[in-house]
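Two complexes, one shared chain (chain A), two partners (chain B, chain C).
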Partner chain A sequence: METLQFAFRKILYAIPLLFGVTLISFLLMVYFGPDLTYSLIGKNPTAEQIAEVRTQLGYDQPFFIRYGMFLKEMVTFDFGNSLSTGERVSSILLRTVPVSFAVALPGFVLSELLALALALIAANHRGGFVDKGIMVFAVVGMSISFLIVVIVFQIAFCSIYGLNLFPVQGWVVSNVADYFHYVAVPTMVIVFVGLGYNTRFFRAVIVEELNRDYVRTARAYGVSRFRILSAHILKNAMIPISTRVIISLPFVVIAGNLVIERYFNIPGVGLITYNAITTGDLPIVKAVVTSTAILYVIALVFTDIVYRMIDPRVALNS
Partner chain B sequence: MEPEPQPSERREESSLAEGGVTGPVPVDILTADASHYRSESLWTKSIRKFARDPMGIAALVIVSVFFAIACGVWAGWIGQNWSSLQADGYTGMSREHWFGTNINGQDIYARTIQGTKTAFEVGLIVAVLSTVIGGILGAVAGYFDRTIVDEVIMWLYGCLDAIPFYLFVAAVAFALRDQPYAMHVAMIATFWSSTCRIVRGEVIKIKSLEYVQAAKALGVGSMTIIFRHVIPNTFHILLVQGTIAFVSAIKSEVILTYLGLGVKHGVSWGTMLSESTFEVSAGIFNNFIAASSFLFLLVIAFNLFADALQDALDPKKVTAS
Partner chain C sequence: MSDANPSAGEVGADRSGTDPVLRVEDLVVEFSTEKGRIRAVDGISFSVMPGEPVGIVGESGCGKTVTALSVLKLIPSPPGRIARGRVILDGRDVVPLGEREMRRLRGNVASMIFQEPMTALNPVFTIGSQMTEVLRIHRRMSRREAREHSIEMLHTVNIESPAKRFTQYPHELSGGMRQRVMIAMALSCDPKLLLADEPSTALDVTVQAQVMEEIRRLQEERRMSMILITHDLGVIAETCRRVIVMYCGKIVEVSDTRGLFAHPRHPYTSGLLASIPKVREKKIGRLPTIKGMVPDLADLPKGCRFADRCPKATAQCREKEPELVEVSPGQQVACFYPD
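Then we have the complex of A and B:
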């Protein structure tokens, strides 16, 4: 019962946040955004035609009516048509989201797992040579620009200057072998880029747990180092770690990976969004930005409620 | 996240002088060597600590060299010939053109140097403004915590955090058509939130301390307390957050420029790397190596500097040593 109440209040708290993100998106992209009248209209329009399109777009309506129209678009998942292809935006999203998911997921999972393993090793050898080595590697990894990693990995694995093992770009997937063929290099890039940040974060969390009293007690009772790390510390460190993981999921899935998808020419949300940004295709950008933000807020509420169910000590005001 | 004590610190000799500054000092120690204590503030202690960190010093030296280059460009001494067409495209390295030329025959060395200035411009503008905004709003939110002011500020950064960064920049670019500063505005609008969050947490702790309570009891106004007494005590956080914002800004500039959302006038390492994406597949690496090595060196130096700064400034470690 109390959990239910907690869930209800969390959902209530999310409403102003949802209002805020939709308002920001609306203000930036619709209210102060570009005037779409002339993108929708043919050549040499008459004054009546212009007025008609403007009415259709709602430009003659007051602020709150327009914001209401924007909200209605978001709720009904009806974002209008793409300006460049005329395809419905919702069907474009349905087509591209699975591709982005397939590209990003292996790298995302591997990056988190590898970082967790490295962080555990580093924390276990705290202050020692291994720890320093891993942390130096993490700082170096953090300092290399995403773009540089993409370029270097493409040269190294996809070009005649390197191993030339994988396709330079594209996404022609009909079976599992194809999938691994095309996803390999993007996965390596994602793992490399995320590894430094994640390792540092995870190590900090684990080291904080290591300093707690229960660890000293367990050690005094003669529990093995490995068991303390794997059974006790990992369990307690799981809350901050999984928060980070769940919260970054919407960004991975919907926002796709603009850089990777553009560089490897993979037809996911990222590439669609990139093209929409460069051609000024507002309906697509609007749909992607707002739906990602809404999903983020939902993920936030969801994690809070799940924690409460797992760990009843989680208070409402923390 | 509380940084753990570094092993190097445990080895430090904990002299009586260091332990005695914050607490009451026994009289006999005072008379023994009084001159030693007077100069010992938290800041001088931090500086001494920083000076003992070889990594931090090395990083600071590298950053200073880059800053000197940027100042040289601002002063008009170096890297001014970055846009003139001086030779054929893609000449290799030579005495006239240290790093060769790009497709248009522009000197890559001059462009790299000019890019250093652009990087500092972006980094400094974004770091200073986002830290100032985050610091002030964080202090106000923390001082008035659990009031409507606090709720509004938290709501604001909650909303901004929910929108993915690159997409937010795209949205801002839509709103500010043809404005060269759309990228800066977007970065400032997103980067202040992490500073705000940390400062808010710190101020909630600070405001229950005696000196703030005393100022309140004396009838000092809230704004005076915040700006004169509270914010100066969060400077160590602001300094570290500023360096982090600087690094994020110059890294983001590269990605945003590649995506067509960043620097549009002038040259930056981002424009050079974007150019190089068309060249590396043909085996021409001049642009790529020049821009990426400068970028990497500056970013790693700044990262190490930020780490060293954080270690040196952490007040918990200062009093613990």
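Then we have the complex of A and C:
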């Protein structure tokens, strides 16, 4: 019950934050953003024609009216139509978000879990060969460029020069088998790229916890090493770890993996955003950027609530 | 195996004809540091009889905590290791034992209370879950039995509304209360030996007295052996029957408490006693201090380790290290010129 109240309060506090986020998005992308007047009218326009187009676009309205219209677009999830295809932006998003989600999620989950397992093993053998081996692997993984990883994996798994097991690009999914077929290589790439960073971060957190006094107490009372790691330390380590995981979620869902979707030609949010940026399709960019920002705020609220569930020291009434 | 005679510094054994709960023989604990290998504890021997409270006193870094940690083999390893000697706990040498066997002894045959009650308990688990875990490990109790026993233990250490405290988290308790919880946890499996490492140092002065009183009462009631580590001679005087004075990893004096206060034999002990403020003293001047600095363990002088700070030191003291010898019944000292 207390936790529910806490959650409710955190959500209330997020409202001003949302206004701030939308205001900045509005200022950067709409108010001071590109002026579409001249791309919509022909050559040698008269002053009246320019004024007419500007009225149609709402450029002659005062600041707060325009901000209000922007907010209305956000709330009603109606961002207008794409400039290049004319399709409704909301239906584009509804079509692409699930695809991005399906592409990114397995890699995301696997990468976090594998990294946590490796970090626990490394921390448990701190200073030993196993630890050093895992850390060398992590640094090497981090140091290789994303693009190189994509290309190498594509050659290794999707080409006649390699195993040629999976499609090099595209997304034609109608059943589970198709899904695994298309998601396999992107997942491997995501895991490979994220694993190094995550392992290093998780290991640092766990090693810090290993040096705490409560670990010595647990040892002094006969608690087994496995239980100290898997219960006593892990629950404490979940505080920084969950923050990192939850905060990276919005990017998985919506901003997507721009690079992954571009290189595997997967029609997710990342790909349409990439195309929208390169072609100047403002309604799509506006929708993606703003929804990412809003999701980010929601993730922050969610993090606070998870904190409260893990760590009893987080004050309920602050 | 050892170059020192293991029984040379033996104290307390065979006094009442029963076996000691703990017998430490020629214990050497080494740590590898950047300056090379140092000996935090260098060839100490002592024993603790059943029901006997023994104090270990000395400055920070003299090896008293390392000694206590060695009993349960809790020395962080690496960098530390027991390089030599025997630690016979309840009739069994623990030095060769593996982790699995040590786990059975920890919190069961011997328990330890730490200095920092604020950080010694896990912040994200309730008092109850931490206490019952120990009982479930050693006594294989059901959840319910463990809960009942824990609440009873909290009651024993005079915690009010124990059932409520059982469900609370460490941060909801005061420092003194947390230390009581530690005591309750330490005693829950009825250990034969309690290792108390400066249990009251981190607490407020008024709470210090209460916590020490609690430890004293429980030690007596349960006829439990205890090693009380402190740098506070006042606490030792009120609690312990026998005192071990350590300096730079060595035992410099062992004495029954009364004898130590009435007639300290080692110049270091005399210095420690002189630096305690005395309330009844008429003239209040500057407190005497022991001049000089504790030598670096990585760069120890050749002879007696206290020689550089000792008012009585002679050429012999700087050449040869004095051994611990009995100078009067119940009093042993490692000095060529005992008082």
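FYI, the second predicted complex is superposed on the first by the 284 of 318 C-alpha atoms of A that agree within 3 Å, B and C clash if a C-alpha of one lies under 4 Å from a C-alpha of the other, contacts with A are read in each partner's own complex, and residues count from 1 in each chain.
The rule is short, and it goes like this: contacts are C-beta pairs under 8 Å (C-beta built on N, C-alpha and C of every residue); 3 or more make two chains touch, one makes a residue touch a chain.
Since the model is a prediction, treat every value here as computed from it, not as a measurement.
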Next on the checklist: Residues of chain A touched by chain B versus by chain C: which partner has the larger set?
Outcome noted: B
Next on the checklist: Contacts for A:82 in the overlay, against chain B (first) and chain C (second): which applies, first, second, both or neither?
Outcome noted: neither
Next on the checklist: Contact-wise, after the overlay, does A:127 reach chain B, chain C, both or neither (first, second, both, neither)?
Outcome noted: both
Next on the checklist: On the A-aligned overlay, A:96 touches which partner chain: chain B = first, chain C = second, or both, or neither?
Outcome noted: neither
Next on the checklist: Let me test your reading of the model: by the given contact rule, A:34 touches which partner, first (chain B), second (chain C), both or neither?
Outcome noted: first
Next on the checklist: I'd like to know which partner A:303 touches here: chain B for first, chain C for second, both or neither.
Outcome noted: neither
Next on the checklist: Is A:139 touching anything from chain B or chain C once the two structures are fitted on A? First, second, both or neither.
Outcome noted: first
Next on the checklist: According to the stated criteria, A:151 is in contact with first (chain B), second (chain C), both, or neither; which is it?
Outcome noted: first
Item to check | chain B versus chain C as contact partner of A:187, first or second or both or neither | outcome: neither
Item to check | Touching both chain B and chain C, residues of chain A | outcome: 127
Checklist entry - Considering the complex alone, what residue numbers of chain A touch chain B? => result 16-17, 20-21, 23-25, 27-29, 32-34, 126-127, 139-140, 142-148, 151, 154-155, 159, 161, 168, 201, 204-205, 207-208, 210-211, 251, 254-255, 258-259, 262-263, 273-274, 277-278, 280, 282, 285, 288-289, 292-293, 296-297, 300
Item to check | Of chain B, residues touching chain A in the complex | outcome: 1-4, 6-7, 155-156, 158-164, 166-168, 170-175, 177, 251, 254-255, 258-261, 270, 273, 276-277, 280-281, 283, 288, 292, 295-296, 299-300, 303-304, 307
Checklist entry - In the complex formed with chain A, which residues of chain C make contact? => result 72, 74, 78, 99, 103-108, 111-112, 114, 116, 119-125, 133-134, 137-138, 169, 171-172, 182, 185
Item to check | Interfacial residue positions of chain A with respect to chain C in the complex | outcome: 127, 212-214, 216-225, 232, 235-236, 310-313
